[in-house]
Amino acid sequence: MDISLVLSNVLTPPILFFFLGMLAVFAKSDLEIPQPIPKLFSLYLLFAIGFKGGVELVKSGVSLEVLLTLSAAVLMSVVVPIYTFFILRRKLDPYNAAAIAATYGSISAVTFITASSFLQEIGLQYDGYMVAALALMESPAIIIGLILVKIYAAKTNDQEFSWSEVIREACLNSSVFLLIGSLVIGALTGEHGWKFLSPFTQDIFYGVLTLFLLDMGLVAARRIKDLQKAGAFLISFGVLVPILNAAIGIAIAKLIGLSEGDALLFCVLCASASYIAVPAAMRLTVPEANPSLYISTALAVTFPFNIIVGIPLYFYVIRLFWP
Amino acid sequence: MDISLVLSNVLTPPILFFFLGMLAVFAKSDLEIPQPIPKLFSLYLLFAIGFKGGVELVKSGVSLEVLLTLSAAVLMSVVVPIYTFFILRRKLDPYNAAAIAATYGSISAVTFITASSFLQEIGLQYDGYMVAALALMESPAIIIGLILVKIYAAKTNDQEFSWSEVIREACLNSSVFLLIGSLVIGALTGEHGWKFLSPFTQDIFYGVLTLFLLDMGLVAARRIKDLQKAGAFLISFGVLVPILNAAIGIAIAKLIGLSEGDALLFCVLCASASYIAVPAAMRLTVPEANPSLYISTALAVTFPFNIIVGIPLYFYVIRLFWP
Amino acid sequence: MDISLVLSNVLTPPILFFFLGMLAVFAKSDLEIPQPIPKLFSLYLLFAIGFKGGVELVKSGVSLEVLLTLSAAVLMSVVVPIYTFFILRRKLDPYNAAAIAATYGSISAVTFITASSFLQEIGLQYDGYMVAALALMESPAIIIGLILVKIYAAKTNDQEFSWSEVIREACLNSSVFLLIGSLVIGALTGEHGWKFLSPFTQDIFYGVLTLFLLDMGLVAARRIKDLQKAGAFLISFGVLVPILNAAIGIAIAKLIGLSEGDALLFCVLCASASYIAVPAAMRLTVPEANPSLYISTALAVTFPFNIIVGIPLYFYVIRLFWP
Amino acid sequence: MTPVTRMEIIASSAELAKILASLDQVGVPSYTVVRNVVGKGQQGQVTDDLVMSMLDNVYVIAFFPPDLTQRVTEVVRPILNKFGGICYLSDATEIRSTLRVAST
Amino acid sequence: MTPVTRMEIIASSAELAKILASLDQVGVPSYTVVRNVVGKGQQGQVTDDLVMSMLDNVYVIAFFPPDLTQRVTEVVRPILNKFGGICYLSDATEIRSTLRVAST
Amino acid sequence: MTPVTRMEIIASSAELAKILASLDQVGVPSYTVVRNVVGKGQQGQVTDDLVMSMLDNVYVIAFFPPDLTQRVTEVVRPILNKFGGICYLSDATEIRSTLRVAST
């Protein structure tokens, strides 16, 4: 594998600031980014990526390729939690297995954004509708996770299980809502809206992403001590399952005939795990599961793996198979 | 009335994100923008609009037109609370009547900013000194409100009523202070300051406004249930009085001979009601009035009405009467 | 001294907004910028200045001039606390004397940034490696301050004095850490990173600085009443010592052969006093000293003096001596 | 100087709406909420460094007449069964201000 | 282990300065303030979703010697007359740290 | 309805880690932390308007069995010697929720 590819990913400000954040924790610096500053960054990123996606979706139109990609995305977010559940059940109780499975079926918006910055830096195009795929992959995984709990965990306590609440939580949690809302508004206002908003949503985007990754580095490093609880099984899970999912993702992308850029984004969606939306939903609907397990595996193992090694690795493989 | 005019106002990112915010509340999404993020946006908007106004005021100079406009603005902020007070007294006690009257005599900076974005989008000029009118209309309304309380409410309790405190609160509350301060600094530093600040105060302005309106949508929708307490009287008041004030505003603008753009801004100032500065002042000086009445009428009725229907409606009327 | 020079410094948005902040406090306006908004600004400024410094450092390379400047910077941050300690001891106990001495040996990043904006406005170049000097001057002063305490204060209580903790606090406190981290990343990513980050780190920099100085004005004015405790001795100290240090700084700059721009930045580093990093470190390591003394002298006397009078004054002197 | 019961609840912010509704329902319409508190309990550490604030705690304080204590306890207890959280009671004395400016 | 009185005041943030000045005046120079709390009371719901923070509450806690109780009560009560707000007392025990590093 | 001791500590945020470690060590593993509180005490006014938050206070609340009181006090007291800060105890009653969903 081309080492310069890894370097050209690692030697970018966002990734280096992620390391700086981790280093701050390990070196016991008192650097911290207090709430709600990270929340502001994250609102901004979802808003900007959604809006841009909408504007470009309307430019490119809805072709067969688009429909195929979106269906494949939803399919992956259904299949991944099911197969990973059975892997996880070998070591974990059904609650924790289902919660972690849902996490990996869903996606990490920041991983996606980092991959799109990577493409931008190496000067490769990608399509706006990939953001729609991003938005569509959050909810199904949550619902599948809960169905798994319903089937495999004999609930003994009298907690009623409200499906309407579950669906609402899955489809209306703030990330999904803001992302889809911005996408729709981007599509409605098109080029005209873009002209007015792009100095905000486009020009300073990379800078906000960089600061946000500094915070993610701080947060991920603080979670690393939780990994002891997770143990070797979950740590290997957090590296191997993304690679497997990325491989499936690349195969699907090839089948549909996506461009190199879109293929990278698609496989990054498959490979990434949610550490925001799904944990919030799981905390509400499967309180029996241990949050430190599903958050720290996704955040302290899979997220760094994907943004540091995964993105250039998957791209290297794509380069091999694309003409 | 030209439907495309309404659409060209409604189909802009700021208005659509306002709707998205309302939708989030109605759909029970957990989307929220925690403090002090909205406060940051609001500081930024006042800072940017004031600074720009100052720079342009000094460019255009202080003509007779400017003086006439500013006098008319102050006059409206004195007259409106007086006449609305007597309308409101028919249903409400003097405390609440005076507080609501003051609210409508004052202005909403965000409505003004939205109207100026509307003008910018349809490519119409407006003058910088309109920001001075904006700044001048906050304080008189507060003072008139308190004079009305003093005259019509037989205060029985021994609370002393400190005029110096009232004037300070009216003239030095944070919005007025920041707006006037930025205006003066804009005038002092002129083109030179503009060159350095405009990437911040101009280029990303529209984006910050959009995110702020997302928050305003959330807040306005949460206030809607308070409207039950307000009842049909206050709801109609919140729609009809702005229309009436806008009509008076348009007539004055015609008399003075303002341009179309300035006429729109002037009538939007007359039509809008304060939901930040005046409520804060009233809470301090007329604690007998019920904040949920004056805040929710201004915020959940008049504000959405103005930014969605009012701005294009008033503009349509102006188009009819201007050559 | 050329009065237009003072005016061209004072009549800039950052300085005028600093005055506006002070005015808000004196006029008892309720304007305030709640935490963590100022923290966001300060993170941003350190990030942006560090990153830019790194990019330019790598462009210019490490020459003898660079090494001489950095050594002189470290030397000043060692010498200043020692000589000022003996001045301060005439009126203060060793704890307070050492804490204030450390404060003046260290630097104020915002004063540095204001000086670099001043240069930018009058169109004068300065070199990126000056940011490295900024970063190197924070820690030594803290360590010297603690050594002075160790030597001159007979510690009677059994508090153990952990040197490893002291060094960590001196070298890894959040400002130093973020500044050096951003500098290194700027150097690593160079022009390529700059292209993507500069709309964020460069274009809106001046605007964020302006808003931050508004907050600094608020904070400094609130501290002014603390100056009563400090008394005439500390107030004169807060004006005279910066002038003396600036003079030494200018002499050194002349000796090394720095350009006019770099000379101004170097002497501003010598003249400024820390009100963030060092106070935090002193609060932790010399709890016997009174924070209101060292914070208010640095913040309410030296900081305003430097940014209003000092910068143009020092520059005037530099102009006299440079060809 | 009336004696009252002081109740403190610390629970996941996800349960805030439910807790306040229950208090209302049994006749405790007044309360104070401190948000974004963190802590450690049986369920482990609660921090708020993640972006979505779903995972932090709220601290609810309510003062009410002692005779309500049992009903309040009954209604709060089951809510804490799901996500954990704690509830403590203590005694306090109320300083009523004699004259309240009528607001409506 | 000295017995002390624990006073809790929850009131509009607009009154904070006045409350702290009164405490000072009657000899209670030490207190803690938790800002941005929200709640519900006789005056209705207090939220902080509006931009200007004038409308939220503050939570003031002060511990002081029991014999001050009456004077403190007298001075706090009238302040709460204007905007509402509450004040409760309870008993507590102070754990004084024996050795305080002299600061000035 | 078990009787418990309620401990409140208000101290510089710089000491938070040390305080929590000490509580843990003597068998008080549960607590709640309200950050960014401000106040005034023997060491003077504490505000949080400076950029780095090193200078504000934290408010730690912990409930524990009364028989731990002495050990807890002993371990907390010396920490407060350095930067000041206060510690008060009072009595409270615990409302244990009978059924806790086992999480691990």
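Read from first to last, the chains carry the letters A, B, C, D, E and F; within each, the first residue is number 1.
Convention: contacts are C-beta pairs under 8 Å (C-beta built on N, C-alpha and C of every residue); 3 or more make two chains touch, one makes a residue touch a chain.
Note that the structure is a prediction, hence the values are computed from the model and not measured.
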- Just how many steps, at minimum, does a route from subunit A to subunit D need if it may pass only between touching chains? 1
- Item | Chain located farthest away, centre of subunit A as origin (C-alpha) | E
- At the subunit A/subunit B interface, shared numbers over all numbers used: above half (same) or below half (different)? different
- Task: Could you grab the centroid distance between subunit A and subunit F? Build each centroid from C-alpha atoms only and quote it in angstrom.
- Result: 38
- If you average the Cα atoms of subunit D and of subunit E to get two centres, how far apart are those centres in Å? 19
- Between the Cα centroids of subunit C and subunit D the separation in whole angstrom comes to 46
- Item | Multi-partner residues of subunit E (at least 2 other chains) | 34, 36, 53-54, 81-82, 90-91, 99, 101, 103
- Send over the residues of subunit C in touch with two or more other chains. 30, 34-36, 39-40, 157, 159, 173-174, 203-204, 280, 287, 290
- Message: Can you tell me which positions in subunit D touch subunit A when the two form their complex?
- Response: 12, 14, 36, 44-45, 47-55, 81-83
- Write out the stretch or stretches of subunit E touching subunit F in their complex. 4, 6, 20, 29-35, 61, 63, 90-95, 97-101, 103
- Task: Using the touch rule from the top, collect the residues of subunit C that touch subunit B in their complex.
- Result: 11-13, 16-17, 20, 23-24, 27-37, 40, 117, 120-121, 203-204, 206-208, 210-211, 214
- Query: Which of the residues in subunit B end up touching subunit C in this complex?
  - Reply: 35-36, 39-40, 43-44, 47, 51, 168, 172-174, 177-178, 181-182, 185, 188-189, 192-193, 196-197, 199-201, 203-204, 280
- Item | Touch list for subunit E against partner subunit D, complex | 8, 10, 34, 36-43, 57, 59, 73, 76-78, 80-82, 84-91
